[in-house]
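In what follows, subunit A forms one complex with subunit B and a second complex with subunit C.
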Partner chain A sequence: MSGGDIAAILGGAVVTVTLSLIGILIGLPIGLGFALLRWANAPIAAPTVTVYVSILRATPLVTLLLLLFFALPNIGVPINPISAAIIALVMNTSAFNCEVWRAALMSFPKDQYEAAQSVGMGASLRFRRIVLPQIVRVSLPGLVNEMSLLIKVTPVLAVVGVVDITRAAVRIGAETYEPLPPFLVAVSIYAPIVFALVSLQRWIERRQVAAEAAA
Partner chain B sequence: MTTSSLARFSSISRRLALALLAAQFAAPMLAGKAQAATLDEIKKRGYLNVATEDDFRPFEFVKDGKPTGFDNELLEDLRKFAPFEIKQDIIPWTGLLAGVSTGKYDVALTAAIITKERKQSLDFTSPIADATHYYVKRKGDASISAVKDLNGKTVGVQAGSALLARLPELDATLKKGGGALGKIVEYTSYPEAYQDLALGRTDYVVNTVINLKTLVAEKPAAFELGQAVSGKSFPAWAVAKGNTELQAFLNEFIAKEKASGRFAELQKKWFGDSFPDLPVAFEPEF
Partner chain C sequence: MIRDFGIVWTERGLLLNGLANTAILSLVSVVGALLLGFVLTPALMSKKPAVSRAARAFVDGMRCIPFLLFAYIVYYGFPSIGINLDNWGAGLLALTIYNAAYMAEILRGAWAALPRDEIEAGVAFGFSELRLFRRIILPPLVLSAGPVIGNQLIQIIKDSAFLTIIALPELTHAASSIQSRYYVPFAAFITAVALYWGLCLIVEAGVNVLRQLADARR
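Take a look at the complex of A and B:
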């Protein structure tokens, strides 16, 4: 393997991290929005979300991606590989995130909500001050777990031509007829990425504990 | 009381729902183009959508981040020849032909072997090389020295490939000698198949003569080329079924490259051999 090959895999790492981050940053709030719709039992929206989440959780990401990539142009919606990849990731992860957020919302004590109401807090203030901080803490392990799965599912995006860490390694193996060295490099890159994510989770958790101790 | 609080909440929810809905539909607008197109439409819009593979040495592969190989060099010539722009996407084999038959890409500029089954949804250009199927074995495997020795041995081949579809022909050959085809192991692409052959999980791999010659030239210590296991077979570029004007345009380009000697030069460079007797059109038996 040449230096150029290592650079190609690192280039793949940039793609993996960027697409995962975009998927997480868009999928996280959408998942929360879905969970809130279901929690609030919003008319029409709540049952729609329920169906959406069920379908998305039952659809393999690679199938969803191929469908988006090849079916959308057929009905006149142009789409490039990167947009198809982002949409598929967001659709997939938002469905799973929705369930993690919803679990936290379901365990949220309603009497706190009513107490906040009785002191005259408005709906958005109640949500920001009372609900959100507590459900974030409960959801965090589940959400980080889903995020680490998202990072490791990115090789699937290669079917539409996105070159992530694994695809970059496959290409090098196909050129040199030596697939093992690039795969070893690829594997050694995923670990620090996921470790960074888990470290971030620990840091947030420590900060929360410190904040509570101070309060 | 709870009911009223939740009712207030749901007004926020409705706005949220709308925003989410909008977000899911807005994203595709950021993207480019696509739609199956005739030659006239391609000329009018000014570009041709081409898809190539990324791990199919020597036809198309990526070296130091740049696409190269036989087809990619021809693509560079095609850029000069065509009166329109060429947009290239590099995607794995899995979605390549589907991309052309659904109209996402106008042409698969790859070595797609012409088969009867594929001709139902695709049209092919003039053949670009010889794709007679050969087998490759581990260097020094004394148990295989001729086609008849393949009797009962485990074979590795690419899933969904023309080579897989044509294994019954080898089976028929073996049966004439009282043998039969052994276990078939399918791989998503050939590098894995070669790796498994080297590891001893399979006994031989079937691929086209060009792919195997390149492999053996690169890894002479590990692999050894066997004999032909099929009759005539040719690879070509694929366009959507019925897109005859585009097919004719590409054939005109290929004929020009053949006449100028450039075709033979590129074949020599990438395959180690030129194939001067390639047919202009090929009707597959299989």
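Take a look at the complex of A and C:
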């Protein structure tokens, strides 16, 4: 394994991290939107979201990715590996984020909402000033946990030809006939990223427990 | 489109075979992972720092590695250190070891949350370690950890789909081969998604039964 090989895996790391970030940034608000639709019991939309979340939570990312990558061109929508990867990640993570947001919304104290209503706040102001800041705090550990899960499923994107960490490592292993060293380099990139997210989650949880104890 | 589903229907044997393989893989691994988890959990909670640190390093390490990469390491990497496995052996081993780490953490959490007084009463009555575990600790542990173990089983079912990359003939692999033979991607993969959904709904129903049992005991 040469220095160029390690550079290739690092290049894959840039792809992995970029795609994960895009997936997270798009998936977060969509998940919140879905959760709000269910919370508000919107007709037609709420049951649709319920079924969507149930199916997406049961679908392996590989299967979803292959479905998008092969079926969309079949019905006349051309798609490249990168966009298929982003759509699959967003669909996957938005379903899980929806559950996290919804749990926070369900536990949101109703009296605060009614108090805001009684001082004459409009629906959007009520949501922005009263509901959102509090559910963000409650959801944060769950959302960070979901981010670490998202990073751990990204190697699947290699299946449709996205050159991420895993695909770069597999290719170097096949070229050098020594698969173990590039895999270990790949592990040494994934592990710190996931570990940082897991530590962040624990740190947030600890801080919140401490803040509650102080209050 | 109807014609495409007709093709999938004529190949239903292949898909059902894949579904059966996915179910077998998941069930064998969840049992194996639970058994390994039951060995790892006491190690995690051990008072000997060497034991608990080693167990903690294994559990945290596994939880930081993507499953797909771990499966690649077991299948392609292990032969370099003299362990040769076929795709079934590698798939089962990877699923079991990987999820054992998650199971150990789940069981540890549930164990730590068990009420202490029953266990102390058991000790006071002179139960041996094994009987204490079997009679006093295990039943409430299974009931309280049941729902989370069910979630993990769903995770295992989804992880097993990754094994399509080492050519293990599970559900996604079956759908892939139907799609590549007849070029019916939508019908093939949507059917696979529906079958995965069905599997997970069955697991969720099982978890609900367990939850009701636990509530009835309370």
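What to note about this one:
Throughout what follows, the second predicted complex is superposed on the first by the 194 of 215 C-alpha atoms of A that agree within 3 Å, B and C clash if a C-alpha of one lies under 4 Å from a C-alpha of the other, contacts with A are read in each partner's own complex, and residues count from 1 in each chain.
FYI, a residue touches a chain if its C-beta (ideal position, glycine included) is under 8 Å from a C-beta of that chain, and two chains touch if they have at least 3 such contacts.
Source: prediction; values computed, not measured.
Partners subunit B and subunit C, brought together by superposition on subunit A, clash. Once the two structures are superposed, subunit B and subunit C can be ranked by residues of subunit A touched, with B on top. By the touch criterion defined above, A:Leu66 reaches both subunit B and subunit C. Residue contacts after overlaying the shared chain place A:Pro81 against subunit B, while subunit C stays out of touching range. In the superposition on chain A, A:Arg57 makes contact with subunit C only, not with subunit B. Once the two complexes are overlaid on the shared chain, A:Pro179 sits against subunit B and subunit C alike. Shared-chain residue A:Val187: touches subunit C; no touch with subunit B.
By the touch criterion defined above, A:Phe195 reaches subunit C but does not reach subunit B. With both structures placed on the common chain, the touch criterion links A:Val159 to subunit B and to subunit C. Of the two partner chains placed by superposition, only subunit C is touched by A:Ile151; subunit B is not. Put simply, subunit A uses residues 66, 70-71, 74, 158-159, 170, 173, 179-180 to touch subunit B in one complex and subunit C in the other. Residues of subunit C touching subunit A in their complex: 60-61, 63-69, 72-73, 76-77, 80-81, 154, 157-162, 164-165, 171-172, 175-176, 179, 183, 185-186, 189-190, 192-193, 196-197, 199-201. The residues of subunit A lying in touch with subunit B in their complex are 2, 4-5, 7-8, 11, 26, 30, 33-34, 36-37, 40-43, 45, 66, 69-74, 76-84, 86-87, 90-91, 110, 113-114, 117, 123-124, 127, 158-161, 163, 167, 170-171, 173-175, 177, 179-180. In the complex of the two chains, the subunit A residues touching subunit C come out as 54-55, 57-64, 66-67, 70-71, 74-75, 151-156, 158-159, 166, 169-170, 173, 178-180, 183, 186-187, 190-192, 194-195, 198. Residues 1-2, 5-6, 8-10, 12-14, 16-17, 19-20, 23-24, 27-28, 30-35, 54-57, 61-65, 89-92, 94-95, 98-99, 102-104, 189-192, 194-195, 215, 218-219 of subunit B touch subunit A in their complex.
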